[in-house]
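Comments concern the structure below.
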Amino acid sequence: MSRSALVVIDMINTYGHPDADALVPSVRDALPRIVDLIGRARNDGVPVIYVNDNFGEWRSHHGEIIETTLSGPHSDLVEPVLPDDDSLFVVKARHSIFYETPLSYLLSQLDVDRVVLCGQVTEQCVLYSALDAHIRHLDVTVPDDAVAHIHQDLAQAALRMMERNMNASIRKAASVVF
Amino acid sequence: MSRSALVVIDMINTYGHPDADALVPSVRDALPRIVDLIGRARNDGVPVIYVNDNFGEWRSHHGEIIETTLSGPHSDLVEPVLPDDDSLFVVKARHSIFYETPLSYLLSQLDVDRVVLCGQVTEQCVLYSALDAHIRHLDVTVPDDAVAHIHQDLAQAALRMMERNMNASIRKAASVVF
Amino acid sequence: MSRSALVVIDMINTYGHPDADALVPSVRDALPRIVDLIGRARNDGVPVIYVNDNFGEWRSHHGEIIETTLSGPHSDLVEPVLPDDDSLFVVKARHSIFYETPLSYLLSQLDVDRVVLCGQVTEQCVLYSALDAHIRHLDVTVPDDAVAHIHQDLAQAALRMMERNMNASIRKAASVVF
Amino acid sequence: MSRSALVVIDMINTYGHPDADALVPSVRDALPRIVDLIGRARNDGVPVIYVNDNFGEWRSHHGEIIETTLSGPHSDLVEPVLPDDDSLFVVKARHSIFYETPLSYLLSQLDVDRVVLCGQVTEQCVLYSALDAHIRHLDVTVPDDAVAHIHQDLAQAALRMMERNMNASIRKAASVVF
């Protein structure tokens, strides 16, 4: 039987980068569905794995990442999706959630063979992560109303690439069954 | 010019595994040199990077790893080598410090081209890490009195393999210049 | 100084897959520019590296790949771009030209820090390869009239992703300077 | 059920490197068992996969590797173990048979979950390959009379490391059951 994990990508975020103006409204749109997915996964005992850039911080307490984002101007986008005591947390460098991270190992320990990807950015990290998951023989589901983009047209193309070329299931968050 | 980092391997440890009886005395022997290397690196502004197993913990606060090891029976082996506020910390799955970790990326960000490896276990993770560093075109130094083993003869063979086949500099901790 | 290599992707091809009907006309369009790029690279002493799927053939003589494609119905698309005695040849599994291939090692041996990508498929292997080259700190140039696609709109989006998010130089083949 | 493959490491060799004097007698010793393993695997329909350095040759016809080694002074060590038409052939850069090669992909295509490693060098490529196979959750068997070394003591230590730390089955070639 298939076992799923919910992967929350780059939502612990300061939104300090140059594309933030284009990104923030899209995150705000997607946020309620991301919150809902996290809540349902927690209720169902589905692992919730945060995979997140570390903004150059590699200190011994990565609580720092959370504190930094909560004290910034966009804490309203972070607070509703904070990890809880059961959340798993993997720090990535940049790019895909799999590139030079222990995520593959963690998923195999958890016996997970399907990842549900939510978060940001659809046409960047979400796309690259879907590709890397597909290469690793994992099933991929992407709720297209729970991912946020910088460029809408590139995001639409990225979702079609995931569906066509990476065998991903693209659907609404409400219809995701864990 | 070469820039060095000190890598402290698996020293934040509960020593709960089956080989601990053989390992603990060797760690106790190596500990003063590891403490000294960490102290000198901090004084010289050399990055100190802890790369550590996470004992199956992938929680959002990896301070948990430290708390768990400090409350165990071998806290005396952990307390002298705790990370400070400037320490960098990378969680590895198991095996090499590079395998599915962001260490390569972190080292390139820091412009480091030479790693000094200390910690444990000489004939396992230290050996595999020296190999992976060599493959990645990094210079490798291993102070043989600042690494701990389970089997002395395998550790000796491992150090010779590092020197002969991975171009590592094997020397005493006191003679390591950062 | 930057040293370039020309990478010819998946052009030794049987065109036996389901998308061939959409792909073949686009390959036919791009072919003259690919031929021209190969010719100019050879004249200039620029390494020409074929990276190619092996169609499930892992025999000891990979001349088999070439023979198979030359005896198929689309040999006219293969014959003009055949490797010569100086060509380098790397077999890939599928996906990116870097994924589980020795290409990184080969490029570092050749001291190459810039790859010019031509061939197919723009919105699949070319896109994934541009990403993997960018992650590996290589400069990427993609002549958009020397790559072939299955879906034109996805190809356009892929080229914009390469330019925006992977720092690739997108230009006409005629303006590529090695 | 477990499916095996026989992996023949670096036996297509010019023996032109500095350690050849120490290596050649050990290869000569191991050769009859390697020949026997290859013969039995072929008879049993077990995949025989050559993974081999390419001596800097990346030409389009890797038959070149074979021709070069056959025309050298140690062709007697190469001729008995040549690939046949059913042999699979993977070129590696250096180091492990898995490092930047498509071997993982090939093994998964063949549904292989156990590798029998023979060839050279016990304390180098064979050791690194056993580690990488173990990390990838493959079972590993190493017939200790069908692998060749440069340093006997390091080879003995390497075999013990494989057995203890990489869960490898170390046995005589005659007792290997595919």
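Annotations
Here the chain labels run A, B, C and D in written order, and each chain numbers its own residues starting at 1.
Keep in mind that, in the parts below, contacts are C-beta pairs under 8 Å (C-beta built on N, C-alpha and C of every residue); 3 or more make two chains touch, one makes a residue touch a chain.
Since this is a predicted model, take the numbers as computed values, not measurements.
Residues touching across the chain B and chain D pair largely coincide in numbering: over half of the numbers involved belong to both copies.
Across the assembly, the mean Cα position most removed from that of chain B is the one of C. With each centre defined as the average position of its C-alpha atoms, the distance from chain A to chain C rounds to 31 Å. In terms of their C-alpha centroids, the spacing between chain B and chain C amounts to 41 Å. Along chain A, no residue makes contact with two or more other chains. Of all possible chain pairs, the ones that touch are A-B, A-C, B-D, C-D. Contact residues of chain A toward chain C in the complex are 95, 99, 123-124, 127-128, 131, 135, 151, 153-154, 157-158, 160-161, 164-165.
Chain contact summary for the complex, chain D toward chain C: residues 49-50, 56, 58-63, 66, 83-94, 100-106, 109.
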